[in-house]
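Chain IDs A, B, C and D follow the sequence of writing; residue 1 opens each chain.
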Amino acid sequence: MHAEELLERLQAGELRLYELEDHADAEAAVEARRRYIAGETGVALSALEPYAFDASRATEKNVENMIGAVQVPLGVAGPVTVDGGAAAGECFLPLATTEGALVASVNRGLSAIEDAGGATARVTQSGMTRAPVFTVDGIAEAETVVEWVDANVDRLGEAAESTTSHGELLAVDPYVVGDNVYLRFVYDTKDAMGMNMATIATREAASLVEHETPAKLVALSGNLCTDKKPAAINAVEGRGRTVTADVVLDREVVEATLKTTPEAMAEGNTRKNLLGSAKAGSLGFNAQAANVVAAAFLATGQDEAQVVEGANAITTMDAREEGLYASVSLASLEVGTVGGGTGLAPQQAALELLGLAGGGDPPGSNADALAEVIAVGALAGELSLVAAFCARHLASAHEQLGR
Amino acid sequence: MHAEELLERLQAGELRLYELEDHADAEAAVEARRRYIAGETGVALSALEPYAFDASRATEKNVENMIGAVQVPLGVAGPVTVDGGAAAGECFLPLATTEGALVASVNRGLSAIEDAGGATARVTQSGMTRAPVFTVDGIAEAETVVEWVDANVDRLGEAAESTTSHGELLAVDPYVVGDNVYLRFVYDTKDAMGMNMATIATREAASLVEHETPAKLVALSGNLCTDKKPAAINAVEGRGRTVTADVVLDREVVEATLKTTPEAMAEGNTRKNLLGSAKAGSLGFNAQAANVVAAAFLATGQDEAQVVEGANAITTMDAREEGLYASVSLASLEVGTVGGGTGLAPQQAALELLGLAGGGDPPGSNADALAEVIAVGALAGELSLVAAFCARHLASAHEQLGR
Amino acid sequence: MHAEELLERLQAGELRLYELEDHADAEAAVEARRRYIAGETGVALSALEPYAFDASRATEKNVENMIGAVQVPLGVAGPVTVDGGAAAGECFLPLATTEGALVASVNRGLSAIEDAGGATARVTQSGMTRAPVFTVDGIAEAETVVEWVDANVDRLGEAAESTTSHGELLAVDPYVVGDNVYLRFVYDTKDAMGMNMATIATREAASLVEHETPAKLVALSGNLCTDKKPAAINAVEGRGRTVTADVVLDREVVEATLKTTPEAMAEGNTRKNLLGSAKAGSLGFNAQAANVVAAAFLATGQDEAQVVEGANAITTMDAREEGLYASVSLASLEVGTVGGGTGLAPQQAALELLGLAGGGDPPGSNADALAEVIAVGALAGELSLVAAFCARHLASAHEQLGR
Amino acid sequence: MHAEELLERLQAGELRLYELEDHADAEAAVEARRRYIAGETGVALSALEPYAFDASRATEKNVENMIGAVQVPLGVAGPVTVDGGAAAGECFLPLATTEGALVASVNRGLSAIEDAGGATARVTQSGMTRAPVFTVDGIAEAETVVEWVDANVDRLGEAAESTTSHGELLAVDPYVVGDNVYLRFVYDTKDAMGMNMATIATREAASLVEHETPAKLVALSGNLCTDKKPAAINAVEGRGRTVTADVVLDREVVEATLKTTPEAMAEGNTRKNLLGSAKAGSLGFNAQAANVVAAAFLATGQDEAQVVEGANAITTMDAREEGLYASVSLASLEVGTVGGGTGLAPQQAALELLGLAGGGDPPGSNADALAEVIAVGALAGELSLVAAFCARHLASAHEQLGR
C-alpha cells in the first residue's frame, strides 16, 4: 500500500495509527502517519520529514508510531589524547546539543588537557544490573529465600546465561524489606549497554527462584537496579561503567590557557562542587558533567534517559606544586557500542568517528573506551567551567553565545 | 569563502576548527569542518550531513564546531485529553527516542487515560533558580550579609530585573556553610526555561551584594540551584515547574485495557516504586518517568541534560472503590517554549503539533501547558509499565519490540 | 499503698504494670514494679535502683512503667570562650557518654580553640516544624487547598497560637504529592525544643483546614517535618536551630598543639569529610559531630532520638595564610532549655553549669546559646579528630583509651 | 590523695583537670573535679553526684574528666514473645527516655503483637565496617592499588585478624574517587558492636596496603564506613546488624486493641511513612523507629551517637485478608552486648533483664538477639503510632502524657 491509501484508510477509521507498518513499508507508513497527524492538528510537519536513517530499522527497533525525525546539531570538540585502559590515542569528541557554549566549553578544556599531553582514564568497575522484587509471606520466609539464592548462584547463572550468547552473571545481591526480597543481578554485558540483555536473563533466573522457593515475582524491576532514577545505590555501588578521568595541568597552562591559578580552581571546586552540592543534598558533586554526558549520549545513540545516572559524578581539584590535579569520577555511566540507538546511521557515524562502532576486541573494550572518552570530555567540561567562574566569565560567556 | 577553500586552509593549518564561521556562511563552514574531520579520521560522515534546520541559527545559538546533525526517530502517542491549569483539550504527544517499546507503552497508557475521559494536571509551583556562592571571612560576617539580603530583597529584585524584560524575582533564600553564603534566587521566567535569564539577572544582583556587603562572589552557580545534578533540594523545593497529573481509571478499564486489577497495581506500585526506591536511596519514586521526560524533551527542544531533574518524580497508585487512582508528581520539570533548542525547525514543529510553540497568553502559560502535557505522558508511562509487570508482560514486551 | 502491697497485687494479677501510680506514690510504684520485674526475670536489678531525680515528676512527664534509672558517666570539657549571638563568655561543656576518648578529644579541640581566643558562633535560622498530611480527591482539589492555605496564613496563625502562650507561627509551606497535601508549619518555640508545642498548635490549625477546605487530615505528622529520621529537608532547610561555629587557629597553634599543619588538615578534611561523605551518599559531611551532639544532649536533657538530625552537619577547613579556618554548620539542632528532660535534677544541673537553665531573656536566647555552645563543642571534636588522623594517631588513641 | 587535697591543688593551678586520676583513686578524683567546677561556676552540682557504677571502670573505659553522672528514667515495655533467629521466648524491653508517652506507646504496640502470639525477627546481614582513605597519584595508580587489594584479601585478613581474638574479616570493598582510594573493610565482630575492634584491625591491614602498594594512608576512617552520619551506604548495604521484625495482626486485634482497621493503617503508612518520607528526601521511612532505638540503646549501654544509623529503617504495612501485615526493617543497627557502655552496672542489669548480658553462645548470638528484640520494639512503636493517628489520637496522647 502507498502512503496515500494508508492515509485514506486512517482517515476513514479503518486503520489505527499503530497498524500502518502491517500494511506497507516503513517509509510509506511514516509518511501517511505524519500527514494524518498534520491533518488532525492543522500543523505543517514538513520539518520532521527528512531523516538519514533506515526507517524500517527504526520502526522495528527504536520507535513506534513514527512520524519522522528530530534533528540535533552536532559539533566536535578536540582532538584530545586519551591514555585509557581501553581507549588509546587521539580523538575528536562528537557532541549533539542545543545548548550554546557547551561545545566551546568542552573544547577549551580539552585544549588545556592536550597541553598536558592528554588525560588518563580507567574503567574501575563494570556491570549492568536488574533487580526483580519478589514477595514472601514474612521475614522468616525471606531468610530461607536469601539462603537459597546464596547457595545457588551457579544455577542462577546458568539460567540467566541460557538466554544470551554474550552476557555473564557476575553477582546476585539480596536486599530484604519486610515481606519483599529484591535480588540485584549484576551482569557483564560486554559492548552492549545491556539493559535489555539483563532483563531477559533475569526473567529466566527469576523463574528459577519462583520454582525453587516460595518467593513470588512481583516485577522484573524492583527499582533497586536502579534504572533512570537518581539513586544512591548507583552513586555508591556503580552501574554500567564506573570510570574516572584525570590530568595534571602545569601551573603555566592553568595560568596561560585558563587564566587562573591551581589554588583558585581547587578552592572554587570545593566551595561550589563539594560544599554547595553537600548542602543541596546532592548525589552529583560536579559542575556540568550531565551536559557532556547528555551531548555525547545523543551523538552516539545511547539511551537519553540514562543521563540521569550519568550525572552521578564527583569532581576533585587539588593544587599540587607542579600545578593542578583534576579528576572526574562517574559512578554509573551506562554506555554501549552495539544495540539501542547505536545502529542508526548518524549515531553509527559518530561512533565510527571515535573508532568505536560495533563490538570491540576483546568484547567490552569498545564500550569501556567509549566510557573513558566521555569521562575525559566531562573532565574538560569541569576544567573549563570552574576556570571560567574563577575568572568570573560564566555569565558573559553565556550572554555572548546565547547559552 | 566556499567549503572547498575553507577545507584547504584548515588542512594547511591556516585556520582553526572554530574559526570557520568567521570566514564563510554557516553551511559552508559546517561542510568544510565535516569534511576535514572525515579526512583526519578516515571515516565517511555522510550520515551526519543532512539537517532540516537553519545552520546559521544553530551555529549562533545552539552549537559550536558544528559538523552536521544527529537524527532521532520521532513517534507520537495519543491522542489524550488534558484538563490542565493551562493545557486544555486533546493532543498528540511527540516523543523522540531510540528505545523500542517506549512510544507503544506511553500510547497504551494514554489510551487507558482517554477511556477515563482524560487526565487532570496542574502546575503547583513554578520558579527557575540560580544560587551564587559568596565567601565571607567567617560566620559573624555571614550573619551580616544574610541580614542585608533579607532587608534588601527589593533592591536585589530591581537589579536582577534590570537585565530582562520578562523575568521577575520571586524570592532570595540564603544558606550558610561556614564562610560560604549561598543565595538561591528564584525567578518567574514565563515561557522560557529560564536558566540563561536567571544567570544574567543573578549576575547583576550578585554585583549589588558584592558592592553593599563584605561578601565576595566565588561563582554564579554554587550548586544549590541545582542544575543538572540529582539533588534533594530540587526534589523537595522544586525547580522549573512542579507539576502533577492524575486520573481515576474505572475498575473495568483496568481489567479490560490493562489486564489487571486496581488492587494489584496499587500493591505493585508500593513494592517497586515506593519500597524499592526507598531501599535504593533514591530521589525518584517512579517506574520510568525519565523515559517520557527525555523523549518529550528531545522532541520539543528542551535541554537534554535537564532530564536529570526531570526524574525527580513520585508515582502514587491507590485502589478506590470505583477503580484506580493514579498520579505522578514531577518536582522539577524545567521546560520552555521559547529559547534554547525550541527554535530549530523540527523541534518547533513538535511544539506546534502541541499548539504550544512560542510565548503563551498570558506569558508562561505555554510552558505551564507543556509541563502538564509531559506529566500526563509520564502518568501514561507509569500506568502502562506497572500494569505490564502486574501481568508479567514486561520482559516479553521488551523481547518482541527490541527494547 | 506501700511497695510491698503493690507487689503482691501485681503478682496476684489484680493490678497491671502501668496502673501502679494510680494506687501509690511514684517511689513506691517504681520500687514495686522493679521488684516485680526482678522476680519475673530472676535478675537482681539493684543497679537500676538509685536515682537522683524526683520520681513523681519523671513518671508524670518523662516515662511510663518506670523501674529505676540508667546512669551515664558525665565529664566536662573546656573551659572555652564563646562569642555567640546569644552565648557569651567562658564555659565548661558537660558531656555524658560511655565512649572512651570522646571527652578527651573535645577537650583537646577546645584547648586549641581557646588558644585562639575562643570560637565564634551564630544561630542563622530557627524554627520547629510539624507537617500534617491531608488527603484530597485529586490534584485539582489539592490546588484549591493550597490556594486557601496561602490566602489564610493569618487565620492559621491565630488558630495555632490559640493553643500556646509562647509559640509563634512563622510560615506554612505546602507540598503536594498526588492526592496528598503536606503543610509544613514552622514555629518559633522560644526556649522550648518545641515539638510538643508545635504538635498541639498544628492540630488546631489542621482542624481549621479541615473545616474550611475539602482536605481530610490523615496524620498530624506526615514525615515532612521531619522528626527523628535522616532527611534532606532538614539538612537543606533546617529544623530547630541552624547554627555555625567557627575559628581561625594560628599556624603556630596548629603546629604546636595539634601537631600538624593547616594545609594537611584542610586536605584531610576534603578527602574524608567532603569526598568520602559524598561517595557514601551522606547528609553528614563531618567527622564526629554526632558524638558531641549525643553527649551534650544526654547531659542537658534533650531528646536523645533527635541526635539523628543533629548529625546533619558540614565541616569546612581552609588553609589561610595566618593559619587554619575551621567551621562546623549544624543544619538541624533541636534543643531547648525548658520542658522534656531538662527538668530532671541532674540534667538541670548540667544546664545550670552552662548558665542556661530555664527560659532566657529575651525568650529563646537560652536555647540559642545552648545551640551555639554545642556547635563550638562539635567544632572542637572536628578539629581534634582531623588533627589526630593527620598525625595518624586515631587508632592508637582508641586503643589506649578503650574507645 | 583525698578529694580535698586534689581540690586545693587544682585551685592552686598545680594540677590540671585531667590529671587527677594520676594522683588519687577515681572516686576522689571525680569528687574533687566536681567540686572544683562547682566552685568555678558557682553552681551546686549535687544532683550529678550519685552514681551506681564503678568510677574506676568508667574513668578508664568510658569517660574523661568525669564529674558525676546523668540519670535517665528507665521504664519497661512488654512482655512480648520474640521468635527470632537468635532471640527466643518472652521478654520485657527496657527503655531509658525522658520523652513522655514513648514507653506507653511501645507497650501498647507490644500488647497488640502479643495478642498475635508475638513477633518474628531475623538478622539478615551482619558486619561492622571501617573504611580508610588512601591517596595515590592518579587513577592509573588507583587501578593498581585496587588490583592488589582484590588479589590479596587473604593477606589483608591475616593482618587484620592478627590484632583480635574474635574478629573476622569478611570483605574488602574498594571505591575510587579521583586520586582517593577508599577500602571498606567488613568484619564479623561477634557480640561486640565492634567499631573499636574494626579500627584496630584495619590499621594493621592499612599498614600492609601502604607497605605493598604506592597508596598512602590519609585517615583510618574515610567516611565511607559510615559511622554516625546519615548515609545512604548504610541504608543500602547495611552496617552492624541488618534486621527485620514482622507480625500479622488479626483483623479483630486491630479493631479491638488498636481501634482502627488494617486498611486504614496500610493507607496511613503509605501516605506518611512512604510518600511523606519520599518527598522529604529521607533515608528513614518510618514513624518513630529512632525513639525506640535511642531508648533501648541508652538502657543497654550502646553508643548513643549511633542512633543516627539506627534511624535508617523502613516500615511496611499491608492489609491482608486475615488482618494487617506489618514490618520494620532496620538497615544498620549497631549493637553489642560486650564492651563500650555495656559493662556499667545499670546497663549491665538492663542486658541481664533481657538475658543477653556478655558474650553469647555461639559468639555473636547475644548481639543478634539484642538486635532482634530492639527491632520488635521498633515494630511496636510503629504499630502504636500509626494506629494512633489513624484514630486521630496523636496530639491528645501527647498533651495528656506531657510528651
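Some observations on this one:
As a working rule, a residue touches a chain if its C-beta (ideal position, glycine included) is under 8 Å from a C-beta of that chain, and two chains touch if they have at least 3 such contacts.
All of these numbers come straight from a predicted model, not from anything done at the bench.
Chain centre most remote from that of chain C: A (centre = mean of CA atoms). Between A-D and A-B, more C-beta contact pairs join the chains of A-B. Spacing of chain A relative to chain B, judged by their CA centroids, is 17 angstrom. Mean C-alpha position of chain B lies 42 Å from that of chain D.
Annotation: 39 Å between the Cα-based centres of chain A and chain D.
In chain A, the residues that touch at least two other chains are 175, 177-178, 180, 232-233, 235-236, 267, 275, 277-281, 283, 285, 314, 316, 318. Note for the complex: chain A touches chain C at residues 232, 235-236, 267, 270, 274-275, 277-281, 283, 285, 314, 316, 318. Residues of chain B touching chain C in their complex: 83, 85, 120-122, 124, 138-140, 142-143, 146, 175-180, 232-233, 235-237, 242, 244-246, 248, 281, 314, 316, 318, 325, 327-329.
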